[in-house]
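Just so it is clear, A, B, C and D label the chains in written order, and each chain counts residues from 1 on its own.
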Amino acid sequence: MTISERQDELLEELNLFQDWTERYEYIIGLGKKLPPMDQSLQTEDHLIKGCQSQVWLDASLVDGKMHYLADSDSLITKGMIALFVRILNGQTAQDVISTELTFIEKTGLKEHLAPTRANALTLMAAQMRKCALEAS
Amino acid sequence: MSFDEETAVRLARRPRWHYREGVSALDPNAIRQDFPILSREIHGKPLVYLDNAATSQKPFQVLKTSRDYYEEINANIHRGVHHLAQAATTAYEAARETVRAHLNAQSVEEIVFTSGTTDAINLVASVLGRSGKINAGDEIIISGLEHHSNIGPWQILCEQLGISLKIIPVREDGTLDLAIYETLLTDRTKLVSINHISNAFGTVNDVNSICHLAKQVGALTLIDGAQSIAHLSIDVQDINADFYAFSGHKVYAPTGIGVLWARRDLLEELPPWKGGGEMIKEVSFEKTTYNDPPFKYEAGTPNIEGAIALAAALNYVNNLGIESIHSYETHLIQELSSILSSIPEVTIYGPHDRSGAISFNIKGVHHYDLGTLLDQMGFALRTGHHCCQPLMARFGITGTLRASVGVYNTIGEVHALGEALERALKMLR
Amino acid sequence: MSFDEETAVRLARRPRWHYREGVSALDPNAIRQDFPILSREIHGKPLVYLDNAATSQKPFQVLKTSRDYYEEINANIHRGVHHLAQAATTAYEAARETVRAHLNAQSVEEIVFTSGTTDAINLVASVLGRSGKINAGDEIIISGLEHHSNIGPWQILCEQLGISLKIIPVREDGTLDLAIYETLLTDRTKLVSINHISNAFGTVNDVNSICHLAKQVGALTLIDGAQSIAHLSIDVQDINADFYAFSGHKVYAPTGIGVLWARRDLLEELPPWKGGGEMIKEVSFEKTTYNDPPFKYEAGTPNIEGAIALAAALNYVNNLGIESIHSYETHLIQELSSILSSIPEVTIYGPHDRSGAISFNIKGVHHYDLGTLLDQMGFALRTGHHCCQPLMARFGITGTLRASVGVYNTIGEVHALGEALERALKMLR
Amino acid sequence: MTISERQDELLEELNLFQDWTERYEYIIGLGKKLPPMDQSLQTEDHLIKGCQSQVWLDASLVDGKMHYLADSDSLITKGMIALFVRILNGQTAQDVISTELTFIEKTGLKEHLAPTRANALTLMAAQMRKCALEAS
């Protein structure tokens, strides 16, 4: 699936939920399922500093495809970055760089989340791209 | 929601407490009617505001005082011959007297209006720094419980004067180690600055003893009353400190106003802080003489409305009775404490006889996540370091979840919080 | 008088200007409806408020903004996860953007909220004093027209640093002698601090030239905009100063809020002023790092309501159009000037093209007596030295009688003042 | 007439007036009629500093009676001190010291005048007494 297709899929899934509780539960669930990131990778250079939580993000090229690893001390934040990982893992660096991450706006997640959280989404998107630029 | 005069009159006449047995004579349901914001919904749920240590909500009595000020007597104060200037001056100076009486200060000359606690502490730091009373090699004592606003000003002063900061350590139960405090006190100690109640943990410090011991080595004392002002009856003569600071916004008054109480002889003796209108008696380019306290420390147009509204807020509190408020709030905090204690793997910080606030963490759960989910259910709590990073470091944590109460919170809200926590924890575990 | 929501909506929809020929497109009678206090009576006479240079009255749009803030979103700002904290933060930061746009500043980082002009000038004095940019033997230039708030802070700094104050003299017509200013500028000049409009005489200073000349010797420049903010369109980039200060209460906003605009690189480079919450990034007892501007200069809980209400006031002004306000007020001042000129033995101070205020004395009559009698007739004017004692000394007087206008004053009021003066003079001669 | 009688007389006179204009005119009139005080007496030690105006007051014992001289740069202030002079001139120092100046309250002048002015009344009363104490 392309990035766009995966975004559409995610959008459909999130739209299934009626209220915030279910959406948060879904996001938290994604966070819980995110493959663990090695402690040794949780260093300052991999850190995206948020308002109250920390996210570590590492990326590598595996067979020409981006492979992201992420973790956070906050489960909700971890779920949020899991959204990105789900969409971007296994895509080419070129695609990551050139495809717009429209799901952030389209899902209404930004308005739905607390602004500090929403701000974290923007930071994450930027960092995912930066990794792809560095890898390519 | 908006209040017209009629509603205002009706509400003002409604009794706000009834004489019944039990923990408190306050009627929180009647009190809640005074606070327009409490009828709001958040994310479709009724607002449960438990972030009172950060700032309090305002009763319509205070809001109406502000509005009436602007609709009836607004003018710049002092020196004006016209009627409004005189009415505004009278109201502003009457507010000073209300504050004096509330703190049981000896005279109105001891009451300086500032923009808040932080401003008041910085005032003291700045003028002491230029007073010649503190010199290189001297020491200032604060505690591990302090808010950044009672750390930052002293760190800046330390750098300027080459003095050092000594810290009263915090014990495991969130109280200060006064035995160590005694060993820190020497004749190099020039100032001891401690909060009355810790905003992070709700610890009530024994400020009387702290001041008493400081006096024995001739040190000055400043009490940061940002938290205590809404919860305790304060008598500056009884505490026997040299300075007492608080913010209006924590005690049901607007933002932008606060108070520094200081011993009159100190205010007379210390140099001025800010220069400008009001604080000056005679100005020429060659020589300027300063006004007497408190005006000497109130440069520029003060927050006239803020001072008058602060007086209205203190009157509101005194109408209910600060003792009644205290016992009612203690009841809420104790109930919170027993609800939280029943949560598995909870850590509650601070001593059992805390005041105003209760801070906790739940193992494996980020306070930020809990706070976020609680917000979705309408509960306003604070998460994070509460501007007390050294205290968080002392306990090896990045922050806590803190519930802090005001006079309008109810036992019902406390129980609802318990249920909401359970629900949120289910999602996060 | 009190406004409910309905009135508010109705009033807000009413057009406040009409497109007709003449000096101004403003409709003062419609505008007056916005200001509840203007319907007051003083000593049984309608209030004629002509003390706007001291402080302005507030339109209900501003009062409503304050009240709505407390009734709907009040919370402490920054770092809060709950909805109210975020709504309050958004509103506060939006207010900063409104101020930025109003001053045409480059970025919101350049907008520091203070408690007023005096606070802002003291901020600059204090941080420059500790910046290493000014050293013993250096000089600061101010003018003979300055308000005490733009004298006192520099006198304190002079004493601390062993620097000296040079004064641009005031000419007989109440304007600055810029030829002498040029001779005062040397490479010892580190700062030039001048008001944009003189509160005492209404003189409008050529701040563009003053800043331009200062830059040529590498001096920093501060413009005291306390008076100009309500009367002129201000473009800090065009003026090309380094600092610009003003107070909210002079521009239809509440007391207790003001602004310091400063060049961003300066705010980054200069040391902090007050220490405390908000202005700190990481705190430990060993090492503390400061937040970025503007937060670096906003220690403690700011006047959140004040900032938001200030934005409402600037919006109010911009809705009417500051250019229209300026031309309307100039019309009032010119009319006042011709009425006063016809009084025998009157001395009018300041140049003909004054702005906002007009100051005068009548031979053999004490300004205090005139002000007292005018007050009895409902007129609020200011008498005395207007916090400009050196300026009064320069003209050999103890004070003046000053009429200063706002957007709600009318030609009718101006004429009524003329008649009242005549009546009062009959009694005093 | 005793001090008390003179106070009563003043009270009656002031009560004749219906509105503030007349009262102010009366007070200003008293100020205009106050015997001039020699410039050489208008010194710092004779000064009562008010908010915006200055009053000079000098007193001497003439034949065992108080003799007050006063002046002010403000005509209204001058009228106010003229009220005192009218009541106290020619009285014994003892009487000045021991008689309460009730007219200030009774005439309602204090409420009527601007507070800064009212404050001046209190200062004047104190100074008149102080002079009597020093003279006796």
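Simple rule for what comes next: a contact is a pair of C-beta atoms (placed from the backbone, for glycine too) under 8 Å apart; a residue touches a chain by one contact, two chains touch by 3 or more.
All values derive from a computational prediction rather than experimental measurement.
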| item | value |
| --- | --- |
| Where chain A and chain B overlap in contact partners, by chain label | C |
| CA centroid of chain B to CA centroid of chain C, Å | 31 |
| Chain centre separation in whole Å, for chain C relative to chain A (CA means) | 49 |
| Separation of mean Cα positions, chain D and chain A [Å, integer] | 84 |
| Overlap residues in chain A, where contacts from two or more other chains coincide | 51-52, 114 |
| Shared-contact residues (touching 2 or more other chains) in chain B | 43, 79, 81-83, 368, 372, 375, 383-384 |
| Topology of the chain contact graph, where touching chains are joined (line, ring, star, complete, other) | other |
| Pairs of chains in contact (touch as defined earlier), listed by label | A-B, A-C, B-C, B-D, C-D |
| Chain A residues touching chain C - in the complex, by the definition given at the top | 51-52, 114-116 |
| Of chain C, residues touching chain B in the complex | 1-2, 4-5, 36-37, 40, 42-43, 47, 49, 51, 54-55, 57-58, 63, 66-67, 70-76, 79-85, 115-119, 121-122, 125-126, 130, 147-156, 160, 165, 167, 247, 249, 254-257, 272-277, 279-280, 282-285, 288, 299-306, 368, 371-372, 374-375, 379-384, 387, 389-390, 393 |
| Contacting residues of chain C [partner chain D, same complex] | 43, 365-369, 372-373, 375-376, 383-384, 398-399, 427-428 |
| Sites on chain A touched by chain B in the complex | 20-21, 24-25, 28, 51-53, 73-77, 114, 117 |
| Sites on chain B touched by chain D in the complex | 79, 81-83, 86, 89-90 |
